[in-house]
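In what follows, a structure is listed as C-alpha cells, so that the remarks can point back to it.
Lettered A, B, C and D in written order, each chain numbered from 1.
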Amino acid sequence: MLRSIELTVRNDLADLPAIHDAWERFGAEQQVPASVVVDLQVVLDEVASNIIKYAWPEGGSHNFMIRLAVCDGAVEVEVIDDGRPYDPREAPAPVQAAPGSRPPPGGRGIHLVRQLVDRFDYERTGAENRVRLTKRFA
Amino acid sequence: MLRSIELTVRNDLADLPAIHDAWERFGAEQQVPASVVVDLQVVLDEVASNIIKYAWPEGGSHNFMIRLAVCDGAVEVEVIDDGRPYDPREAPAPVQAAPGSRPPPGGRGIHLVRQLVDRFDYERTGAENRVRLTKRFA
Amino acid sequence: MTTSGLKIAQGRSGAVCVVTLTGRIDNSNAKDVIAELDALIGSGEKNILLDLAGVLYLTSAAFRALLVATDQAERNEARLALCSVTGHVRDLFEMGGLLDSFTILGSRDEALARLS
Amino acid sequence: MTTSGLKIAQGRSGAVCVVTLTGRIDNSNAKDVIAELDALIGSGEKNILLDLAGVLYLTSAAFRALLVATDQAERNEARLALCSVTGHVRDLFEMGGLLDSFTILGSRDEALARLS
C-alpha cells in the first residue's frame, strides 16, 4: 500500500547515507528483491553524487528531490534538480585504457547506471532536470 | 530528508490499519509531535473511511491515493479518488439532539476533521476529487 | 495490542459488567465494540460500564458505536455508562458535541460507586 | 557497521599488509579508502592486499579510489592487489570494464600464496 517516498537532498555528499537508508527500508517494505535493491543503491549513489558535484558549479547550498516508487513489478526513480541543464544520457562512454596501461580514474558512473536500469529517461522542464529511471524485477 | 510518502488504498475498511501504521512511522521519523500525529490519525480515519463507504456507490473494487508530506512545520495530507464528485467541505453540521434525547449516531466525521486541521481545501480536477488538508505544528 | 489496534477485555464488579477498551477505536474496529456491547446487552446485562482509560484516541466511528449501543441498552432497560474519559479522548467527545449524550462518570472507582 | 556503511580493518601476513573492507564503498566513504591506502603506501608498505570478501557492493567512486591508489602504489614501487572479488562485486567490476585493470588474485589464501 505504501507506494512511493520522496526525499529532499542537499548538495552535500554527507546526505548520501540517508538516501541509502531510506531506499533500503522502503525497498524491503515493498519486497523488492535484494539484488535489485543493491543495484539501485549503486544507481542512486551515482546519480545523486553527480548532481551534488556538478549541478551547481557556482557553489552555494541547494536541494534536489528524489522520488522512489514501486509499482507493477518495477521500481521507478525520479530525480529532479534545478542545477545547470544536463542530460546524463549523453555522457560519453568511459575512456579505454591504452594497451598495457590503466584507464583514467573517473567517468564510469553513468556508464554503470546505463547497465543497471531498464529505462533511462531525461527531460528538461522549465528550470529543472528530470531524470527518470526504471528497473523491472517481476 | 524523507519528505513525503504516498499510499495506495483499496476501497476496503481492512486497509485502514495500514494507513495508521504508515503515518505513525512517518510522523515519528519526521519528529511530528505525538498529539499532532494522533489528531491526523483521526482525520485520516474519517476521510479514508468516507471514501471507502461513499465514493463508489455502485460497488466494485477501486483504489485511491493518500500523500503525506511534512514541510516547514506543517503536515499536508492529500487524498485523491476517482469516485463520484463530492466536496466534503459542504457536509452539513451534525444534527443536534432534541432536548432530552440522544442525537442520531452518524454524521460527525467531517465535523471532527474541520476542527482538527488548519486548512481544508477541495478541488475537482477531471474525474478526481482532491482533498488537501494542512495542519501546522511549529 | 492486536493488529486491529484495539483490545477489549471484560470484568465484573458486583452487579456491574466492566468492559475495558485499550488502544484506538476507529472505522476499522468500531464494529467489534458494537458486537461486544450487543452481546452483553442481549445476554441480559443491566449495568455496563465502559472504561476508556486505555483509549489513545477515537474517531466518529466510536461515537456511532456508542450511540447505537446506548440506544439498544435503553430499549433493554439496561444502563450503559462511560468512565475515565479524560485528556485527548475527552477533547474528541467535546468536538463531537457528545459530552452530554452519554452517562460519563469520572474515574472507574467513582463510576462503580455510583452504579452499585 | 559504522554510519558510513564501511568498515576498514588492517592486518598483516608475513610481508603482506592485508586491508579488509566490509560494507559498501560509495561516494560517501570512498575517500576513507583513499586515505587508508595513501597512508599505507606513504608509510613504505610494498605489498598491500585488499580483501573485498565483505563488500556488499561498490560504485564508481570505489573504482576511482582503487585506480588512484594503484597508480600511487606503482609510483612508490609497491604492489596493490585485490582478492575475493566475487558475485555481484565482480559483476560491477565487469560493468565498469575494469577486471583487467587491477591485479585480482582469487581467494585470500591464493592471494597470500602469490604475494609471499
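Assume contacts are C-beta pairs under 8 Å (C-beta built on N, C-alpha and C of every residue); 3 or more make two chains touch, one makes a residue touch a chain.
Please read all numbers here as calculations on a predicted model, not as lab measurements.
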Exercise. Looking at C-alpha means, what's the farthest chain from subunit A?
Worked result: C
For this session: Quick one: report the Å distance separating subunit A from subunit B, using the average Cα coordinate of each chain.
Result: 33
Seminar exercise, completed: Per the C-alpha means, the centres of subunit A and subunit C lie apart by a whole-Å value of 53
For this session: Could you grab the centroid distance between subunit C and subunit D? Build each centroid from C-alpha atoms only and quote it in angstrom.
Result: 66
For this session: Please set out, as single numbers or ranges, the residues of subunit D touching at least two other chains.
Result: none
Problem set entry | Interface hub residues of subunit A, defined as touching at least two other chains | none
For this session: Would you please name all pairs of chains that touch?
Result: A-B, A-D, B-C
Exercise. If you look only at subunit A, which of its residues touch subunit B in the complex?
Worked result: 1-9, 15, 18-19, 22, 65, 69
Problem set entry | Interfacial residue positions of subunit C with respect to subunit B in the complex | 3-5, 24, 26-28, 56-61, 63-64, 67-68, 70-71, 88, 92, 95-98, 101
For this session: Give every residue of subunit A touching subunit D within the complex, in rising order.
Result: 13-14, 16-17, 20, 35, 38, 41-42, 45-46, 48-49, 52, 94, 96-97, 102-106, 108-109, 111-112, 115-116
